[in-house]
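First chain A sits with chain B, and in the next complex the same chain sits with chain C.
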Partner chain A sequence: MAGVIARRARKQRVFRWTVLTVLGVFFVLPLIAMVEFSTRDSTTWPALVDWPELSERYPALAEGITSSLSQAALTALLMLFLLVPTAVWVRLRLPRLRRVIEFLCLLPLTIPAIVLVVGLAPVYAWVTYFFGGSSLTLVFAYTILVLPYAYRAIDAGLSAIDVRTLAEAARSLGAGWGTVMWRVVLPNIRSAVLSAAFLTVALVLGEFTIASLLNRTNLQVAINFLGKSSATMSVAVSLTALLLAFVLLLLLSLLGGRRRSATAVAPAAPAAPAASVASKEPAA
Partner chain B sequence: MTGVAVQLHGLRRTFGTVHALDNLDLAIEPGEFIALLGPSGCGKTTALRVLAGLEDADSGRVLVGGKDVTALPANRRDMGMVFQAYSLFPHLTALANVSFGLSLRGRGKSLARAQEMLELVGIAAFADRYPHQLSGGQQQRVALARALAIEPSVLLLDEPLSALDAKVRVQLRDEIRRIQTEVGTTTLFVTHDQEEALAVADRVGVMRAGKLEQLAAPADIYLTPATPFVAEFVGLSNRLPGTVVGNEVEVLGTRLPLLSPSSTASVTALVRPESVQVTPETDGEGRVLTTSFLGPISKVTITVGDVLVVAQVATDRLPSLTPGTPVRVSLQPVPVALA
Partner chain C sequence: MAEVVAAVPQRVAKRPRLRGITALLGTVPFFAYVTIFLIIPTLVVVLGAFAGNEGGVSLDSVKALGNSYILDAFGRSIALSAISALVGAVLGALLAYALVTAKPDGVLRRVVTAAAGVLAQFGGVTLAFAFLATIGLSGFVTVWLQDTFSINLYENGVWLFELPGLTLVYTYFQIPLMVIVFLPALDGIRPQWREATESLGGTTWQYWTRVAGPLLAPAFLGSALLLFANSFSAYATAAALVSQGSPLVPLQIRGALTSEVLLGQQNVGKAMALGMVVVVSVVMTLYTLLQKRTSKWLG
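Moving on to the complex of A and B:
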């Protein structure tokens, strides 16, 4: 009997390691190839970490990097500014609208980016008219694009606390709505807010379709453009962007793990959206 | 500190087709402890929430200390509230929870005052713990300290004991009464537990369908219920068929005085189990059906013909009242209400 169990355990172990190895090779091999390719020209990596030189040799790339970083930061801010008060207000005052809001927020996930662009193009004619043609105007489109992930993360955070009772308790103690949001709600959904922000940054850094089709620049557009003139540099930048996204998602899952272990009534950490973001990450 | 008077005038509140408050009037004396009692959905919580400013009334006025606060938002009403659900801020320690309201008022020494309040509710030793490190009873104590720390003009308790287990509930109930007497804050306590209401309040208001059926001292509510609803809702009652004879009703061969006159002859009288006396007798008209042990007092169910009668007896009498024993049932001539 014991022998059968030991044999089965051994078989399972072998199977596990085989799957892990195959998958590992599948994922790591292209990365290794990227490292190998991007180091063929010895000036590539030193140029990438030397910002003045980078912006002189590859001005389009430098612009793409700054655009993407500012887009990511602004999108995260705009998303939080719109979504957190809305989600809290819906829970407090309009609980019947929750399903509708959830549906609306999930829509961008079901609409292909290309279709989104077709709809956005005429809107962006107006955006350009009012705000000019800066690549930062992509922030509006990106805020819509990140809604599904950000909403899920924030909603999960709010589900873990009794927002209504906490808000009422704070109100009865003399707190105005600003104080309720700032001193009571936000500290209790801090990790959810961070999750939403990280997902937003990861998503915006990897976005290509909308930026390209709306003729604006960002990191991915610049990489694509660079690929035509300096292949090694474009691969090096892709690799860096990929690693940055990995680090962000790793931080995210660490955050989720810590929250799970910190409280007895742990909320469902937004692991699912994180996974789907990873799969949507464009291979630059 | 002495409390302030609270008046609710003609409050109405409708949720769809349900009248949660139907022209409710309630006057609370300064420093008084009032319990609102009623079945779920009777509007007692809505009344408390309207007083707290967490819910708007469709019409009517709320006066606190003679001042009309109907239009004031909750955060400017100066009321301390303890909720049914655990409402402590999870990211703050017990001490920080208690000093939250004080810090909003910009009072110096808020920590010292918070510590004092934790001592008052008897959990100063747990000041540095977070809510999830406290038991349910301890959390509600902190919530009480937090509500009292701001020296509110009115203390509102929204079923604060309903999530606690029986023993802690009784303990904390008595503690709330002690603390309220000590600080003298006018208090409105909402509960569906009649024992709780009768045990702690100066006066008990029994509510039904958004209206106050009776507001009186606990003993009066129990002994002289104003309406059949109050009689049935508060305490256990036997529903026994009777015949009205003048100002009395004849039930099981005994004439009992009526609390209010009746025009119909054939009625159902509400008789308390403690007014029913049971004596074993071989030619008695009743038979013991079941007995249940409830501590020092036990319950005996008897059939008299096709009528079921529940009686309360001292537990040491149980051995003589085994099921099947023939008994004689008599009623004490205390005033009864009719259903």
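Moving on to the complex of A and C:
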């Protein structure tokens, strides 16, 4: 019996390393190729880290970078202002509405971004009328796009704590609803809020569909545009954007891992960022 | 007792109802926002698909879906999604199994899962450029193969910008997604089941075909469906790679949105969008059903 088990373990080890090597090559090769490709022209990387030079040589790219960063920050803020108070409020006062909220938040998963654009076009005619054609107006659409992921992160965070007891305790000590939200609930779901914000930033930085079809600019639109004139530069920016997303999502998974080990009682605690991103259209 | 119960709520009945209404006020911002930016766009698509060009109800746009160029686009989209989902599912399942046989809390498993989480997100323009740098006409691998082995990747034409190329590129995010969604199911397989098979005289082949295979089938099928929906709704990668023609449905919709629309065809884009929603909804419903079965068997 011991021999059988040892033989199986050896077979499994061989199988494991074969699969890992073959797929590892497939996954690492494009990354290496990006490094090689972007270093063919030695002026590419120095230009990328030199902001004044970059905005002079590639004004569209610089504009794309700044709009993407502001879009990411604003979307994260809007998402939190919209979602956290509503989720807490529904848990405390309207538990029957929870299903409805959950359904609405997860709805964007079944509506591809390209379909959403078709429906958003007339809505954005009004948005342009009221707010102008700035690329920052994309924040409205992006908040809908990130709703499923943000909702799941925040809902998991709220499930891990006893919101009702905390709120009742605070209220009985004379706290107003504002204090309950800001000083009692929010600090308790800090890491859930943080992961929702991280996911939002990662998704917004990778968004292309809506921006390009509503004729607004962001990082991905700029990269795509740049690809037509300067392939090296666009690959270098792609690599940078990818590394940034890498760091963000790795931080997120570390955050999730730490939280899970810290609060072993929370079963629904973020099933890793990975799981909450699972059914997502890849950075569409 | 019944009287008491009935009497007590009567006295306070008014206040809870009033409080219920004020409580509802707290959700107004959320519902207003979602109505404007999610419900209305959805209705625009659904109603627009059935609207006539001069108002009123009409089936013209939906009937236009029967045009051969639209049917072809749907066919190609479905074929691309099915093949990339199948390849992604098989390779992803193999990778997930390789991870399960490793130490549960080992470095290998943690690193690969984290990387899969990131790579499943990796798509769109960035991914298109990554592959252009790899197997584009002057890409790293293309040049290397040409110089070292004088193999020309594109002897029979440039396939990177067509369906075979798109399938390869899509696999890059499908495999990691499969790892993420299939791993929990594989973790649900208990070693006792294998031991039980063996103590009853079963071989490895019998274990996989009679025990583990059937148990994992719903999870595998469900994950494959999720992968299908994932690539079916992907737009950015294809948009960045394909610059000529509109072989896929999302690219056809782009054409309907951006170009001068033919007279009498204003709502065809909406009809195609509705078609996409129908396909994705059917696939996702099946996925949810299979997911329920999976959690019952392997939960």
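The working rule: the second predicted complex is superposed on the first by the 267 of 284 C-alpha atoms of A that agree within 3 Å, B and C clash if a C-alpha of one lies under 4 Å from a C-alpha of the other, contacts with A are read in each partner's own complex, and residues count from 1 in each chain.
To be clear about the criterion, a residue touches a chain if its C-beta (ideal position, glycine included) is under 8 Å from a C-beta of that chain, and two chains touch if they have at least 3 such contacts.
In this text the structure is predicted, and so the values were computed from the model without any measurement.
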item: Chain B versus chain C as contact partner of A:A113, first or second or both or neither; value: second
item: Comparing the two partners chain B and chain C, which touches a greater set of residues in chain A; value: C
item: Which of chain B and chain C A:T165 touches, first, second, both or neither; value: first
item: Touched partner set for A:A175, first chain B, second chain C, both or neither; value: first
item: Which of chain B and chain C A:A125 touches, first, second, both or neither; value: neither
item: Touched partner set for A:V184, first chain B, second chain C, both or neither; value: first
item: Residues of chain A at both interfaces, chain B in one complex, chain C in the other; value: none
item: Chain B-touching residues of chain A, taken from the complex the two chains share; value: 161-162, 165-166, 168-176, 179, 183-184, 187-188, 263-264
item: Sites on chain C touched by chain A in the complex; value: 20, 23-24, 26-27, 29-30, 33-34, 36-38, 40-45, 48, 91, 94-95, 97-98, 101-102, 108, 112-127, 129-134, 139-141, 172-173, 175, 177, 180-181, 184, 226, 229-230, 232-237, 239-240, 250, 253-254, 257-258, 269-270, 273-274, 276-277, 280-281, 284
item: Residues of chain B touching chain A in the complex; value: 52-54, 73-81, 83, 85-91, 100-101, 104-105, 132, 143, 146-147, 150, 156
item: Chain C-facing residues of chain A, complex; value: 12-13, 15-16, 19-20, 23, 26-27, 29-34, 36-38, 82-83, 85-86, 89-90, 93-94, 97, 101, 104, 107-123, 140-141, 143-144, 147, 202-203, 206-209, 212-213, 220, 223-224, 227, 231, 234-235, 238-239, 241-242, 245-246, 249-250, 253, 272-275, 277-284
